[in-house]
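Heads up, the next two complexes both have subunit A, just with different partners, subunit B and then subunit C.
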Partner chain A sequence: MQSNMPPQAYISQDWFQHERELLFKPLWQFIGLKMMLSQPNAFITRTLCGMPIVVQNFNGELRAFENLCAHRQNPLQTQPHGVRPLVCNYHGWGYAEDGKPNNIPFEAEVFRYSKEERECLHLRRFKLEVLGNLVFINLSENPIPISEQFGDEVMQSMAEASNAFDSEVILTTFKGKFNWKLAYENLRDSHHPRYLHARSLYKAVKFQVLIDEQAVLDAKRLCETGIEDKALAMSLLRSFSSGGLNEPMQNSISYPWHANVVRYGDKDWYYNWLLFPNLHIASGTGGYSFIIEHHIPVSADLTDFMVYYVTAKKKRRYATSAAVLHAHMMGSEKVLREDIAVMENIQAQLHPEALSPNLGAYEHANAHIEQWYLHLMEGKFEL
Partner chain B sequence: MNSKIKYVIGTGALLDYTVDAWREVEPDTDLRPLQLEQNASYQFDLSMLDNLVAENVTAFVIFDAQFLNFRRYELMGELKARGFKMPPLICKGACVATSAKVGENTLISKGAIIDHHCQIGYNTVIGAGANIGNGALIGHCVWTAAGVVIGKQVKINANVTLGYGVIISDHIEIGKLSVVDKPGKLSRNLPAKTFIYETFDEVITIVDMHPAATNGSP
Partner chain C sequence: MTQRHTLVLIGCGNIFETIAFNSLTFLSNLGSSDFEDLKLIRLDSTDVAVIIANEQLALLNPATTAVFTAIDQNAMNYARLEIYGRARILGFKSKTLIHPSAIVAADSKVGENCWIGAGAVVSSGVKIGNNTFIGAHTRLDYGVNISANCWLGAGSSIGNHTSIGQHVVIGADINIGSAIQIGRHCSIDIPGHYLKSLAEGTFIDALFPATAHIYTSKSSHKVFTKIEVGN
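Then we have the complex of A and B:
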């Protein structure tokens, strides 16, 4: 299938800004794990679509705000995560869960806001939804229901799987020099592991290429008919997210720490979830542990590739749990680097006159996404 | 303590090195190396320990920093559980101040300098030529590579690993279970369970909000 995706979609900063407005701002975006927000005053900070965001726990309730003080725009929280009230360290302004300042030191003496001015002081707030232990936010003023984006079945699957996550999380960020779309295309390409990961992941999991013949026909038809109907567009959007059992594992190994956690499921299978646009969750241990990958677009050619690992919920605390997570992160580096290297190589060679790709039949999922995405970018429908 | 028999337990080149080092320090001791292998799930075959008798015999365990130094700790535990005394190995050529304290089953390698009033915990490995400043507190199950420099009155907590080329400035504290494996000078305290690697773009951290967790504590 001849792709219509122009190289500008991957290299142009104008295209990137346009995509941010049409795609990312209206969609629900993953922002973090609820386990990292479970204590009162726990917070995480991220920058999504250029917007600095803080998600804060107010006595058990999570709120998402723009992370800029209403006074002089100082970031309220300056660490990527932690436990601290929502207080600006510049002049001591404290904020309540409605985003309004509940404490302005020396307010009457030095600020002297009128009643009307005082009423206008508040943080910009964003809608927040939680699926199991996955926290999503939406930057739009009128967001679509989250079920419009993911569908009930996927939401239930994600809630169930993520509720199996333990509270202890290891995380880091790889600075990827590639466009974020290369990541989701790579994850929906089940043919590459036998080549790219021949000496790593593919030894443990023999990913098979499954061609949905109807989906191939649908992808070709979509190229001809286009997408004019919003209902069709939303239905297609929901089809881009899926997950669950993926492939059986070869020779799964039982480690001593497995006895300390409550396994998710009971199958020695690789689990794989893909949530559009940019979240990937997998278990390469048959439900004993999980990787969460969040590909955050930074610019046309830069992506913050956040990686989290968790085990399944502990039955009891044990001394080596940090070492287990550390071993997971070290073990995954090889596979991640294999993928990152290819994506960076592709990105480095793309130029404005590069020929478009030619997708194979097995790439029907990416072909569907591509058609949908281009229609969105051309203004054929809005989210 | 000088014993007639000493079991030296470990694997590979590290075991060979340790046996040679003991031979230099205790030439009259009957050194008996025991090679322990791990299976695919990293478990040791401990059956060869079953017939060992601890009476009038000492033991020493050597293993690398695998699994945040817990493998070596596990092995030491097996020997202690069997009643063995495990004196430290101060290699010939190490320079250890008389006021310094060194714990059981700890290895101070050749050329290492342990300055006055240092305290080194048990089951710790100080690499060849490492320089540990006056009054430093090095916890249990720590691994320092050869040539590491630790400033004065530094506190290195348990199960920390310091790689080649690492320099820790004076008065700094490194939280437990952390790894610093990026050459350079560290001049700020490092929270527990923080991992700095040359090959990773950013620091790796562990967060645990469980009420029973002591997240961020040394």
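Then we have the complex of A and C:
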């Protein structure tokens, strides 16, 4: 199948801005793990769609706001994570769970806002949904229901799996010099591990290429008929997220720390969840531990590749848990580097007159997404 | 009749081979003339080390044998702790080895199963916990406190009154400033000058361009300072 994706979709900053408005802002986006927000006043900050976001725990309730003080637009929280009331360090303004200032020091003496002006003071608030241990936010005024994006089955599977996560997590970020779409395309390409990861992941998991003949036909038909119908567009969107058991593992190695955690499931399989557009969760240890990859678009050719490692929930505290997480991070670095290197190579050679890819039949999932994506970008439907 | 005593050097990896190569020199530096024999137990790897160590140590008499465990910083020094701890549970005494060329202040306190490498300088008032390895030509300034189960790479330096938590790995040629707190379970492996404290579970490694952090529900109250690195 000849791909219709123009190189501009990967290299043009104008295209990237357009994509933010049409795709990312209306969709639910992963922002962090609930277990990192468990304490009152715990917070995380991220930048999504160029917007600084803070998710804050107000007495057990999670709220998402733009992380800018209503007074002088100073960031309210300045660390990526922590536990601190939502207070601006510039002039001491404090905020309540509704995003309105609940404390403006010397308000009457130095600010003298009228009643109307005072009423207008509030933070920009965003909708937030929690799915198991995963926190999502939506930047649009009227978001689609989250189930419209992921589908009930995937949501249930993902909630169950993420509820198995332990509360101790290691987190790092790779600065990828590639467009974020290359990441989701790579993750839906089950043929590449045989070659790219021949000396790493593929030794443990023999990923099989399964061709769904009906899906291949559907992808070709979609090229011809297009997507004019919103219901079809939403149905396709739900089909882009999937997950659960993926492939049996060749050799399941048992480590002493396995006895200290409550395993998710009981299969010696590779688990794999893909949540469109930019979240990937996997377990390469048969449910004893997980990797969570969040591909945050920064610009047309930059993606923050945020990676979390977590074991399944501890049965009890054990001394070596930090070393276990550290070993996971070091152990999976090779696979991530292999993926990042190939994506950066592709990105580096793209130019405005570059030829479009030629997708194989096995790439029907990417073909579907591509058609849907291009129709969205051309304004054939809106989310 | 005086009983003959044996020092057992058990372990694997680079540090084991380094110490084993020079081991006869250390026998005369133990501050005791009781050790007359040296026995090496070379483990193949850390994978099943505790099983092999159990088998080998069971053949020895704890009353007449002291053990020194030498394993690199594998698994944040837990691999070495596992064997060292096993030897202690079996009733063996543990020794600390100090290279003859190291300078160790008389009022410093060095725990057991510690290694002080060649040319290292341990200043006055320094405290070093058990099972901590100090690499060659490392400099510990006045009042430094290194907790148990740490690893300081060759050529590293720690400034006055700095504290290092348990299970910390500091790579070679790393300079930590004065009056700094390095939380437990940190690993620093990019050479340079580090002038600010690090929260526990902070990993600075050339493989990872951004600093990695471990977060727990208990540690999330900490404010993670930006790390100042200069070369």
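Assume the second predicted complex is superposed on the first by the 383 of 383 C-alpha atoms of A that agree within 3 Å, B and C clash if a C-alpha of one lies under 4 Å from a C-alpha of the other, contacts with A are read in each partner's own complex, and residues count from 1 in each chain.
One rule holds in what follows: a contact is a pair of C-beta atoms (placed from the backbone, for glycine too) under 8 Å apart; a residue touches a chain by one contact, two chains touch by 3 or more.
Keep in mind that what you see is a predicted model, and the values were worked out from it rather than measured.
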**OP:** Using the superposition on subunit A, decide if subunit B and subunit C clash or fit.
**Re:** clash
Original post:
So, A:22: does it touch subunit B (first), subunit C (second), both, or neither?
Top reply: neither
**OP:** Please indicate which partner A:104 is in contact with in the superposed arrangement: first for subunit B, second for subunit C, both, or neither.
**Re:** neither
**OP:** With the two complexes superposed on chain A, say which partner A:79 touches: subunit B (first), subunit C (second), both, or neither.
**Re:** second
Original post:
Should A:36 be classified as contacting the first partner (subunit B), the second (subunit C), both, or neither?
Top reply: both
Original post:
In the superposed arrangement, which partner chain does A:253 touch: subunit B (first), subunit C (second), both, or neither?
Top reply: first
Original post:
Touching A:319, do we find subunit B (first), subunit C (second), both, or neither?
Top reply: both
Original post:
What part of subunit A is shared between its subunit B contacts and its subunit C contacts?
Top reply: 35-36, 38-39, 42, 81, 83, 167-175, 319-320, 322-323, 325-327, 329, 333
**OP:** Please give the residue numbers of subunit A that touch subunit C in the complex, ascending.
**Re:** 35-36, 38-39, 42, 79-84, 167-175, 319-320, 322-323, 325-327, 329-330, 333
Subject >> subunit A contact footprint on subunit B (complex, rising order) >> reply: 40-43, 67-68, 70, 177, 179, 193, 195, 199-213
Original post:
Can you list the residues on subunit C that touch subunit A in the complex?
Top reply: 75-76, 78, 167, 184-185, 187, 201, 203, 205, 207-217, 220-224
Original post:
In the complex of these two chains, what residues of subunit A are touching subunit B?
Top reply: 35-39, 42, 81, 83, 167-175, 253-256, 317, 319-320, 322-323, 325-327, 329, 333
